[in-house]
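First subunit A sits with subunit B, and in the next complex the same chain sits with subunit C.
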Partner chain A sequence: MNSAPPVIALSAWREACLGALDRGGRFCGAYASGTGAARRWNALFADGAETLVLSADAGAADPPTIVDLIPAADWDEREAHDLRDLRFEGRESQRPLATHAPETASWTVPVEGRGTHQVVVGPTHAGVIESGHFRFHVVGERILQLDTRLFYKHRGLERAAEGRSPAAGLAFAARACGAGSVTNSVAYAQACEAALGLVPSRELRRGRTVLLELERLYNHLNDVAAICAGVGFAPGNMAFATLKERALRLNCELAGHRFLFGTVAVGGSVLDLDAAAAGRARGELGELRADAEAAWRELAFAASFQARLGGVGVLSTEDASELGAVGPAARASGLHIDTRGTSPGLWYGSAFAPARPPAASGDVAARLEMRAAELPVTFELLDDLLSEPVRPGDAAAGGSTGPIGVARVEGPRGETVCAVELEGEHLGRLHLRTASYANWPALVHAAAGNLLPDFPLINKSFELCYACVDR
Partner chain B sequence: MFVLLRHLQRVRREAALPPRSGARSLAVRHLDAGSCNACEHELTATAAPQYDLARFGIGIVASPRHADVLLVTGPVTKRMEGPLRRAYEAMPEPRLVAALGDCALGCGVLGDRAELAAPLEELLPVAIRIPGCPPSPEQIAEGLLTVVRAPLDPPAGRR
Partner chain C sequence: MTALAAAIQVLGGLALAPLLPGLVQSMKARLQGRRGPSPLQPYRELRRLWGKSLADPQPTTVVYRLAPCLVAAATVLALLLVPIAGRAPDWSLGNDALVLVGLLALARFALAASSWDTGSGFALMGSGRDLTFAVFAEPLLVLALLLAALPAASTDLVAMAAAAAGSGPWTEPVHWCGALAFALVILVETGRQPIDNPDTHLELTMVHEGPLLEYAGRDLALLEWSAAARHWIVLVLGAELFLPHGGGFWAQLGWLAAGVAALCAGLALTETAQAKMRILRAPGLLAGGCLLALAGLASFLIGGL
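Showing the complex of A and B:
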């Protein structure tokens, strides 16, 4: 990982990407870096604990598209076109992603036929929801095609981080997403440490794992509440909102912030729990677990709620794989990928096994049950980690240094991939590809063919973030 | 379901919330102008049984046309400036703008200047300021309750 990847000629680009797939790699992002003659188009492939970086020379000519080989690269190419002015040879269409072209036809898929019409929603919504624009092409109540336009919240975080020190760049990754702040911060910190040749201590690995699991806990409780809200089942929504609130209060008690902001540093961790504090946390987590299990049992017997979940918003295993889905959504569709099992920089160990869904049916029911199946794993991990004090950790020099560092970290919604390119002592490029970014195309695909009134439910079953997609 | 409802009643009892006061109301329309989503999480939490702002007549409404307050989060991105202005224009008068969180208050904003419009204060008249990153549900309650509890303006003179 630490030596600069060899630059691949454009004529060999597609073959190189195919080769990475053939060797068992999983595409996990692509980004443009550099300017002028030094411009590069980089693709990332996950392979166990390693991440393969392929780098194409895009200084003189447009790279060929790989979207026909790897559909999951669609948004990456469209983003690079809009934000980094890169064009792709051989793409059938180059619909805008981040650029908000005024003509609707430029970014929507044409849908024609008798009785078809569009239902337009957003960018502002009727509740407390992030900003994003949806165009449903429907016939009657049936969704034929969904076109999304995101990036309303684009703040230019990646560009704004360029030229800063690795320590100062952390804030840009951390504030990309409030609910994935720990995941993105740890991914950023690990990417910087990989580039700087820093090796995390045992305490650092443990501390970060505690923070990551605390983040997963409140997010999973939130997501169950959100799915209940998606069908208007207020008792379930409020029951899990109450549990989430308790998890947030525990975060504040343990780390001084309800969303764990400011707990992660490059080469360090500030989480400091003595035996008494860790013991109290275990006690509270034990109570929370019992109450979450009781509330979950009640949901299982709420027939009007359960009747809404099966067979809705189905994402097949093949589609999940083709579109590059990650996290609980991918696992609910039968893809057994969980980066926690291949994270030597954290404290999951080789024995870690991701929870398996009761039925990998890929529908709303499976995505809901996936969260419920993962909660006990998180409670067990936290109970184990908090059985001894958690001390601030650090990272020591010892690894090899290099201009590029990449890290992948499993967050509540799946894997965040962070790539950092250093120029001297400063950030030349920061690229953050979160699980929400990976899963939006899968959500859009899963919505087609369903009833329009089921969309809020399908949407909530993925519970994707807009902020970290838009950045 | 009844078990869940009983459980929620218990949470409300144990939270020992102060009694509701007065008989006034505030219709709030939320608008995300580029937040990190943490403010939205905390705003949602104000509806949870531990806070339950509906007790004070404070409710989130679906349209700016029904709103007394436009509650804005985020630093106002270029792409959200238009929707923000349109939402404000759609509101009936009298109307108030509330800045929720440090980004909306223009404090410590992160991002590329070319992608951000202007601080909310420069775009719309901000009357309510709720600082925090993100503000806690208590701080949000406190900020909105100052409006609910403020003395009513005397009726405007007839023309």
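Showing the complex of A and C:
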């Protein structure tokens, strides 16, 4: 993978993508790179621990669309059109995604019929959340179609990182999202290390895995609390919000930052826990685990809470697969995707088995239970990792170098894909595709057919990030 | 004594009403492990809103402008119908329970009309849900009041309160059915879980809060006060008609205070223990209350044979 991928002619592009799928690859992003005659349109396919990079020459002509073959590529193509001025041959409609056209009709799906009307929410919301505009087409209380408009605060982080050194570029990936900072940083660092031919040491792999699992822990606790808040169930919300706060304080004690910022470096790690600190952390995590299990039992017996979850916001296995859903949301729909099982750069080991949902029904209940099922796995992993001191690690030269480095890392909401293209000593292109980016279309799809007042609950069961889109 | 009852009815209804939602919020916060606002918070809100200027969305008509006054006026009239501790001053309005139902419906209609006038999506959505619930909630209110009226053989609230006094009614199934049905009425009229969530910021889930979103300043103060006064009306009625009371005026006043406090605590407990129910199931709950009330009616008729 580390040698530059062969450039595929545009006429063979669709066949090459289909071939990657046929060989068992899973589409995990596409991005444009280069300018002028050197412009490329690249598609990424996950295959076990490897990531296949297909690269088409888009310098002279428009590449053909693959959205009919791979619906998951819809956002990638629309974003490339809006931000990189790339056009796609054969796309019937090119609705704006990142740019905001004033005419509503230009970016919404037309819905007609007796009694249909639109309900508009955002981009300014009553709660303390990011900016996003939701346009619901409804009949009565029933959602027929949801159109989202995000990208309100797009920061241009990917472009801003261009021309910087790999070490300086880390800040751009790290700040893309607060709740996924470690995941994105590790993905970036691994992508750079792949391009620079650096091989992480045992200590580096262990340190990063500890950070990733700490991040997963507080996010999962937060997501359970959010689902409780979505139906106005205050006792559950307060219980899990308290647990999340304890997890954040543990983060602060271990890494000096509640959201673990500044803990990842390219080719190294700064996390340093001696035996005493690791032992204290194990003790606190043990208590947290017992309290989380008790709080979860309370939820299981809250009938009015449980009555809200079943059959709401269903994402079928086929739809999850077609739309490229990842993370707990995909696993709750019956897709067995967990990048942790195929991460040689981390410390999950060959025995790692992702949690299976009690029922892969793809509804809010399944997504909630999926997170609850993953919590014990995370507690076990952390307990095991912290049984010995965690020392700063490094990465040694030894691998093959190349102009492109790609890494995939499983975060709390799913897989972050980071692609780095080096031009000499500097970044030529940084591409960051987080789990939230991958899952937004799945959320939109899952909302259709449900009751309008259930949407906040469905939304919270995915708990997607706006900043990940506004990167 | 009647003069004191009149004073409590008017001054209490006007001035003490905001204390009730304040009390519920405060108790709820304690139950949920939060410190929460003081019970006096609604007064601070009202003072803040009263000092603010009005803002009319464009285009709106006189319907939008008049709605808060109409809602407040209907609510004040309804307050004057509710007897305090079994006494009611003569305001030449009578104390008919059905008039009370009509006044509450008028307030609901005025607010729904204002939502339609603004054309705001959230306001219309909230009003639409409120009216849908009202289809079930108003018969439930009428039936619950009817069950209290049957033993008194009158729809006069003073007579109904007198007939429900003492321990006698508690041996009658009709009283229990009426009390349970009225408990649901309290949940709907005060806009609380599992029917509605007064604390939510999620516009898509709002019922009673939706139509208020377009209002500001004094308009909003009037509407917020009316919502608090609705607490007063249904909680005082609930205590007077369905909770234990009896004895002289002072004893009845004590029962009333204890009853209203107990109902506030009940609301706080319900809101803490119950999540909000799926919106289309709420009418089913209310229809179940109607069935219960009908069963009470049947038991009364059979008992009377």
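The rule is simple: the second predicted complex is superposed on the first by the 471 of 471 C-alpha atoms of A that agree within 3 Å, B and C clash if a C-alpha of one lies under 4 Å from a C-alpha of the other, contacts with A are read in each partner's own complex, and residues count from 1 in each chain.
The rule is short, and it goes like this: contacts are C-beta pairs under 8 Å (C-beta built on N, C-alpha and C of every residue); 3 or more make two chains touch, one makes a residue touch a chain.
All values reported here derive from a predicted model rather than from experimental measurement.
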Let me test your reading of the model: by the given contact rule, A:232 touches which partner, first (subunit B), second (subunit C), both or neither?
second
Have a look at where A:415 lands relative to subunit B and subunit C in the superposition and call it first, second, both or neither.
neither
Between subunit B and subunit C, more residues of subunit A are touched by B
For A:172, using the defined touch cut-off, is the partner it touches subunit B, subunit C, both, or neither? Pick first, second, both or neither.
first
Between subunit B (first) and subunit C (second), which, if any, makes contact with A:302: first, second, both or neither?
both
Going by the contact rule set out at the top, does A:121 touch subunit B (first), subunit C (second), both, or neither?
second
With both complexes overlaid on chain A, does A:369 touch subunit B (first), subunit C (second), both or neither?
neither
With the two structures laid over each other on chain A, which partner does A:152 touch: subunit B (first), subunit C (second), both, or neither?
first
Intersection of subunit A interface sets (partners subunit B, subunit C)
126-127, 235, 238, 242, 302
Touch list for subunit B against partner subunit A, complex
1, 3-5, 7-8, 11, 30-45, 47-50, 60, 62-63, 74-75, 77-80, 83, 87, 110-112, 114-116, 133-134, 136
The residues of subunit A that touch subunit B in their complex are 100, 123-124, 126-131, 151-157, 159-160, 171-172, 175-179, 181, 222, 235-236, 238-239, 241-242, 244-245, 248, 258-259, 261, 291, 294-295, 298-299, 301-302, 465-468, 470
Could you list, by residue number, the parts of subunit C that touch subunit A in their complex?
28, 32-34, 121-122, 125, 129, 193-194, 197, 199-205, 271-280
Taking the complex as given, what residues does subunit A use to touch subunit C?
118-121, 125-127, 141, 228, 230-235, 238, 242, 302, 304-305, 307-308, 451-456
